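For reference, chains read A, B, C, D, E and F in written order, and residue numbers begin at 1 within each chain.
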Amino acid sequence: MLLHLLNRSPAGSRLPEDVLRAMGPDDRLLLIESGVYGAVSPQADCFKTLKGRCYALQDDLSARGLAERHADWIIPVDMAGFVALTAETQRTVSWY
Amino acid sequence: MLLHLLNRSPAGSRLPEDVLRAMGPDDRLLLIESGVYGAVSPQADCFKTLKGRCYALQDDLSARGLAERHADWIIPVDMAGFVALTAETQRTVSWY
Amino acid sequence: MSDDTADRPLLVILRHAPHDGSWLREGLDVALVAAAFGRTVTLLFMGDGVEALRPGQTAGPLGQKGTHPTLDMLAMYDIEDLRVDAISLAERGLSTAELQWSATPVTAEQLPAVIASAAPVFNF
Amino acid sequence: MSDDTADRPLLVILRHAPHDGSWLREGLDVALVAAAFGRTVTLLFMGDGVEALRPGQTAGPLGQKGTHPTLDMLAMYDIEDLRVDAISLAERGLSTAELQWSATPVTAEQLPAVIASAAPVFNF
Amino acid sequence: MASEQGKLRYALVVLGAPYSQAATHSALRFGEALITQGHRLDTVFFYHDGVYNTSRLAAPPQDEPHLVDAWVRLANEQGTELLVCVAAALRRGLLDEREAQRYGKPAFSVEPPFVLAGIGQLVEAGITHDRMVTFAP
Amino acid sequence: MASEQGKLRYALVVLGAPYSQAATHSALRFGEALITQGHRLDTVFFYHDGVYNTSRLAAPPQDEPHLVDAWVRLANEQGTELLVCVAAALRRGLLDEREAQRYGKPAFSVEPPFVLAGIGQLVEAGITHDRMVTFAP
């Protein structure tokens, strides 16, 4: 099981499509930096198939005014949660 | 009349859509750097409405193996042609 | 000087999201300096740049300054012409009503004229 | 060391186009060094990275080296497992037949396993 | 071999320039957090534009975080090795005293705890550490 | 006021770092070409990561173009002013001798013909030159 990190917004980049294709059925996705714009509707729609394993970094959501705006099926994590995700998965792959 | 420069490939970025929206009916578009991938089919399709005013930088096409691969309605220009385009238009706007 | 630059507003297009490195701040700095020099300045928010206007942003982690304090200073510098690309807004599920600063929506039909009527044009 | 790293190929994913700054070359350098250290290396071309395999490229202007000479060296370093994301190829109107180096197409179904079975994974 | 419940040894790879991109901020926060969680930050490898994190000449405004100093603090507290890819660094004007002499440069920009290193040490970091996490522009 | 047929005065704005991105190569080629076409390259303004073009410590491999030297050559031949945004430069470790002293840094990285400048000079370049062309990452 892998953790994938994504730091690009789906509104500006076609990268999220590549990441979705690269992910295995149990892999997890963590949205960080500008990637957290993907946690907000309507952009979040492209990640809907990842329900239950799609995370977004709380600090980055808050800084961008998204703390209470993200889709309800996106799981916010703090930095400790970010570390835990990297520890619980075998490897981390960063997409940028 | 403005000259617009674009250095991103349509395959990786949503930027070309913004550029097309920003262009006036007489404005010209010059594809440079990785932007020249947009001169090749099927990616070139998104620029078809610009026929007659869509250019691509010859040096950058050649370096990428596209010298003879670009759509026939794309106008290749050398560096002197690039300079001429900036001189013939009132202003240049760079998109990246 | 270009034929008619002096009569036109200076345009700064902002296309990068807040906290996405220094693009947004560096673009705003150009606008503030131009205004301080007495130029009429138009700001056009486009692409991810429209996120700059979303309410409720905070300073970044590690004490990074956000860009909201800078946007609050615009009026003081007499920068009052804020435009926002309507399609970029809609793609991000935003409406002009919820933005923290009032900005005039620009339709796809109006967009080329906003850019063509300004000089010089800085695109960040 | 991670539980099972030693038994797995090292994977370098290349997602940047040639001449697009130094990404492609810096990614290839990691692959070459890993191979020189005796690791089994898989290269996966994806996104704009598939453009690296397009034939007929030349050195860049101002004497920039292209990446084709480096790709020609892969076999000498025993890097023989080249994979290419089939969808990225198709999006760019390319087929495996016309590529300058032979690379195994990877379908969307196969892609996750290529990545999951390797360690470590470098993504450039 | 470390168990997943235990203390893990991390390597971070930083590919983005400070100030210009968010990568440095994220990497520093992640580095601090993993230490707080009881893991070890053994190595940070700076590659691509990440090498710009290592200049001793950086002079950010006083009301902004000093990112180079933040790396130095982390290294001093944790014994983290801060490795700077020499090939990526030299062409970008990042060199230590020895390389400055070798290339006849009048000054140098990289000093300990930052250490110039080869790409081999990046590969090794990926192999020998329990976890490798990359922060990119 | 210059006619479009005549000799035009150009300003280039460089926003991308050398080696990492294509912006520098494009800007240098364009600068040379506009001179060949009979125009004048009056000003180059380095902003954002473009300030990384100006380090006197850059030591690229001998078989690659030396991009910093290429700018210097252009300036010497054409009298082009090479302006480096001071706010963008300081935080990135690019400073001249005077700023190094002011900030207590043990060395400096920017020397003439590169000159530290304010953003006002970028605005002015956009207003006073016939053409301004930006090269970005």
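Before moving on, here are some points about what is shown:
Keep in mind that, in the parts below, contacts are C-beta pairs under 8 Å (C-beta built on N, C-alpha and C of every residue); 3 or more make two chains touch, one makes a residue touch a chain.
Fair warning: this is a prediction, and the values are worked out from it, not measured in the lab.
Shared contact partners of chain C and chain D are A, B, E, F.
With respect to chain C, maximal separation of chain centres occurs for D (centres as means of Cα atoms). On a Cα centroid basis, the chain most remote from chain A in this structure is F.
Should one ask which of C-F and D-F has more C-beta pairs in contact, the pair is C-F.
Because chain A and chain B carry the same sequence, their contact can be compared by residue number, and over half of the numbers here are used by both.
One inter-chain figure worth recording: chain A and chain C are separated by 28 Å, centre to centre, where each centre is the mean of the chain's CA atoms. With centres defined as mean CA coordinates, chain B is found 33 Å away from chain A.
A straight line joining the Cα centres of chain D and chain E is 25 Å long. Shown for chain B are the residues in touch with two or more other chains, namely 11-12, 15, 33-34, 59, 91, 94, 96.
Shown for chain F are the residues in touch with two or more other chains, namely 19-20, 22, 29, 48, 64, 131-132, 134, 137. For chain C, the set of residues touching two or more other chains reads 2-3, 19-20, 22, 47, 60-61, 64, 88, 119-120, 123. Chains touching one another form the pairs A-B, A-C, A-D, A-E, B-C, B-D, B-F, C-E, C-F, D-E, D-F, E-F. Chain C meets chain A in the complex at residues 17-20, 47-48, 51, 54-61, 64, 66, 88, 91-93.
Interface of chain A with chain B (complex): residues 11-15.
Listing the residues of chain D that touch chain E in their complex gives 1-3, 5-6, 10, 22-23, 26, 29-30, 33-34, 36-37, 39, 119-120, 122-123.
The residues of chain A lying in touch with chain D in their complex are 2, 15, 18, 21-25, 27, 90-91, 93-96.
Contacts from chain E toward chain D in the complex involve residues 1, 47-48, 87-88, 118-120, 122-124, 126-132, 134.
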